[in-house]
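Shared chain: subunit A. Partners: subunit B in the first complex, subunit C in the second.
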Partner chain A sequence: MSTDTGDQYQEILQGLYGMLERFPTRNIDLQEQTDLVADMGLDSINVMELLQEIEDRFDIIVPLNVMSDVRTVQDLATQVQRLIRENS
Partner chain B sequence: MSISKRFAELEHIRSALNEADADPGRIVMERMLSATEAEIAGRRTILAGTNNYLGLTFEPGILEAAHQALCEQGSGTTGSRMANGSFASHVALERSFAEFYGMPAAMIFSTGYQANLGILTGLLRPGDKVMIDAHSHASIYDGCRLSGADFFPFRHNDPEDLRKRLRRLGDDARGALVVTEGLYSMLGDIAPLAELLAVTEEFGAYLMVDEAHSLGVYGEQGRGVTEAAGILDRVDFITGTFSKSLGSMGGYCVSRHEQLNLLRYGSRPYIFTASSSPANIAAAHWALDHIRSHPELRETLWSNVARLYGGLKELGCTLGAEPSPVVAVRVGSHDEAARIWNELLAAGVYVNLVVPPASPDGASLLRCSVSAGHSPEQIDTIVTAFGEAISRTAFAGACCSGQA
Partner chain C sequence: MQPTGSSHDLGLRPSTFSTLCEALDYAAGGETGVNFYNGRGELYCALSYGELREQSLELARRLLGLGMEKGDRVALVAETTPDFVRFFWACQYAGLVPVPLPATVHIGGHQAFVNQLRKLLENCRAEAAMAPEEWLSFLQEATEGLELRCVGTPDVFDALEPAVGELPGAEPQDTAYIQYTSGSTRFPRGVVIDHATVLANINDMALNGLRLNDQDRFGSWLPFYHDMGLVAFIIMPMATQRSVDFLGTRDFAMRPRQWLELMSRNRATITSAPPFGYDLAAMRVRASDAEKWDLSNWRVACVGAELISPEPLQRFAEALAPAGFNPRSYVACYGMAECSLAISFAPLGEEMAVDCVDAEHLQQAHEARPLDPETAEREGVRVAKYVDCGPLLPTFEVSIRDDDGNPLPERHVGSIHLRGPSVMSGYFEDEASTREVMSPDGWLNTGDVGYLVDGNLVVTGRKKDMIIVHGRNIWPQDLEFLAKQQPGVRFTDAAAFAVTDEHQHETAAIVVQCRERDPARRDELVKNIKGQVRAEFGIECVVELVPPRTLPRTSSGKLARSRARQEFLARRAAETAAPSQANVVNGPGKAAAPPVEENRDRARRLA
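Let's look at the complex of A and B:
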């Protein structure tokens, strides 16, 4: 990972933490390996809200089908980074 | 190992419903007494949760048509139309649907669920883009998944949000598919179709509308919310079902594009399943003719809607939307919904208990579907039962706060 993409990834990750904290997090410490459903307990409505926030924040559009491969915060950050790159 | 885990997961869901005494799947209609009444747990019960909007299931004409088809064409088709041939009655019903909508093409499917699966997988390939209303029925989500296309939910009934998302698609928006429903089955709200179509056209996309709950209910001639919105000549695809207002089983799609017929050669949910039984087709065809020649059925339905809606409003209930044949009472919690639902059953009134994740926005609902077959007295009984059930539940104050 070049420094640029590394920085961008960190920025995305911090942005995601900020958004995720507003959901009921069951008082867990958010980390890259935190599982959105198993650890955080997000339901399908939460996921939908989260996606819309992500889209507005990063000005991208996230296909719902991509989400079936996303389990952890890290997976999500990686997908967001990929979509940002595809868009630019 | 993974299957035993799955069993455990499902057992968890089942026992949670069981403990809350809130499992609609356990309801058995032991004996049907009419289109609007059945015996449940030995009790005569008014049915206000069966989507039988026009109450046609016991009409002498529909029974006779189905019976005649059964005798003349047999109990089943025993095969798929592409592999084993069509019955003349399938072709005739397609012709009637096309003519009813004034469109060049119609296809019928074995269920409404399969109609959505068949159209979406037939039209879309991996990499294609489709925008669906976030409140869409499971068959729309599943059709998108099965197609391999990239699909994007937009905010429910929000043309501006659709525009924002289409814009983000860039060049891919041209030729994309937008999917919405007419009347939404859970909250009973209708889509702003004219506005959604305007946005769709702006980007050169296609519009598909599922009128499962609105066929025979909306529009001057009963052609749905699309007709009521005045956009029948501009919508690209309309899907729907025989299982609600038509009182039968099966699904359909009509289109202003004659090429719809090409999907017969590339839609797996159309090709790889047996065609509808002759009795189902005959019942649906009779019902379609009947709703065309009996517009007064819709008047009866809407007058029943006004009676139920008004009655529940007067009780102070929080209702899901403007009056429609789906009247959804919002309650504060899952448990409260279950309690009221059981009280209603005990009083001989059957409605739908809808709790997350089946409800669209996390709400707990007691969903009523109104029928033209309900008598005014039955509607009054439903309202009275709600009043008593609510006052008997502990959180009556919280549930019916009076605000809309």
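Let's look at the complex of A and C:
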């Protein structure tokens, strides 16, 4: 990973942490390996809210087939980075 | 691009046709049609019924080019797209049977969704299957090893060699579609609906439930694989020559304000949603929205499909009052896929009526004795409140029966039996399940429980053991199955049922018998079950681990789910009373409040 993409990834990750903190997190420490559903307990309505924030903030459209394979914060950040790259 | 208009010179014919093909032939003579909006509120496709008919006829020939025969099933992943609608009507002209498949996958739910699709494809023995581009990979996985004539995106079907000769079309008794709303995901049951059947229900709704006029316009975000989305918003507008505006379900869930923006912009008059839909929208509406919107044309806001709690509806009405939303637009309704769609509507333009009855007497004597809340409070008697779902549509015969099948008088609670021209012919190729619910003389046992007051239907409980979250039916067997898949959990070890959380929302609880003593492994088990349930159903559930032989069984060894539920609630209540002794429950602490019986019983469903 070059420094640039590494920086971009970190920026996305921090952005995601900011969004995720507003959901009921059951006092867990958010980390890259935190499982969005199993650890955080996000339900389908929460996920939709999160997606809306992600789409608006990063100006991307997140296709469905992407989310069906996302489990952790890291998975999500990686996909967001990929979508931003494809967009530019 | 301009949306299709709301009115035209073509005379309103409220579904007085013998087949859906005949209905579309008629609607094609007008100027109304279907309109599709994206998540940013932009119109991306507007088709008049005339254009839709032309495209459907063209596609019908290409479908027949695959060599399919009359009555063969074509599975359609039912994303909210113009293609779904085009395929649905093409199947009618081609004499084929469209089968809408769910288009909803939860985060991390890849495999669960593929399995579900495969079950349905196998159950209906589909000859062909269509999915939009973004769903294709799931469909391909689900059809691996199955012998279908064609699996692909709309483009693939549009490139097929068309058949020559006359299109077979349809007869009134031909199957119009198969609906999988009511079955469990593991043991699906396809509701078979004929042309005459669905048209009878729509005619009844148009004339009596909704009293359609020639200015009405529909708006919806409901999924096309749901009976309300399909029948009330695809078939009904077409069969009554009305325009309809569609917003994708996922787009609604992400940006609920778009629904109201759209209702306002096109001055739509009729929409429908489960209570949670109004709730979601109310949470996101801004004061500035309500000032700029005009919802004064909105005359029917149907509420159905799940437990109706008045609070979110009140919040919604208050937030939208500045936009001219009238709370008398709310119409409580009751229905199910087995009856095409609708069974009863509360009267239009009236406030939602609530029947207050003596809760104790209801439980003991199964009689709904009226009791006004003030008297009840003075005398310290518990009141149960139920929303009145109005008179049955006139084509239905209703009979409330006791457990032995004897008819009961008014205000006596029993299972709701219905007969009439809107009732299904049966479950697809499943005689045993059909016989379970239908008598030879045409009575359908809905499985739901309720009573009649002056001919109005009041529903107090629904299909045995069903769990309803966000308007979706979840079968306890499916949740139990997921628990039993875990290592160390045996086949007889799980019981699932509905409970209400601290916000009075219905959710699921699963009690699992567990021999494990190591706390870390116990936590792991709970976490895994919850994760599986989320992946498959997208809901948060409560999981309780109990020692072996805790779950109650009947004398024949069958799981006694309602008793398991009562015992669970009793344990919860004891735990709340003495929190220091809490050591068995592994559910989230925030859901520890004992569920309230009355609220669960206020259940109302529109399939």
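Quick notes
Convention: the second predicted complex is superposed on the first by the 88 of 88 C-alpha atoms of A that agree within 3 Å, B and C clash if a C-alpha of one lies under 4 Å from a C-alpha of the other, contacts with A are read in each partner's own complex, and residues count from 1 in each chain.
In this section, contacts are C-beta pairs under 8 Å (C-beta built on N, C-alpha and C of every residue); 3 or more make two chains touch, one makes a residue touch a chain.
The shown structure was predicted, so the numbers you read here are calculated from the model rather than taken from an experiment.
Touch criterion not met for A:7: it reaches neither subunit B nor subunit C. Set against each other, subunit B and subunit C differ in how many residues of subunit A they touch, and the higher count belongs to C.
Legend: residue contacts after superposition of the two complexes on their common chain; A:43 is shown touching both subunit B and subunit C.
Looking at the shared chain after the overlay, A:60 reaches subunit B, while subunit C stays out of its contact range. Once the two complexes are overlaid on chain A, the subunit A residues touched by subunit B in the first and by subunit C in the second are 43-45, 48, 51-52, 55, 63-65. Residue ranges on subunit A touching subunit C, taken from their complex, read 24, 26, 35-38, 41-45, 47-49, 51-52, 55, 63-65, 67-71.
Every residue of subunit C that touches subunit A in the complex is listed here, in rising order: 105-110, 113, 134-135, 137-138, 250, 253-255, 280, 470, 527-528, 530-531, 534-535, 538-540, 588, 590. Residues 134, 144-145, 148-153, 155, 165, 168-170, 356-357, 361-362 of subunit B are the ones touching subunit A in the complex.
Residue ranges on subunit A touching subunit B, taken from their complex, read 43-45, 48, 51-52, 55, 59-66, 87.
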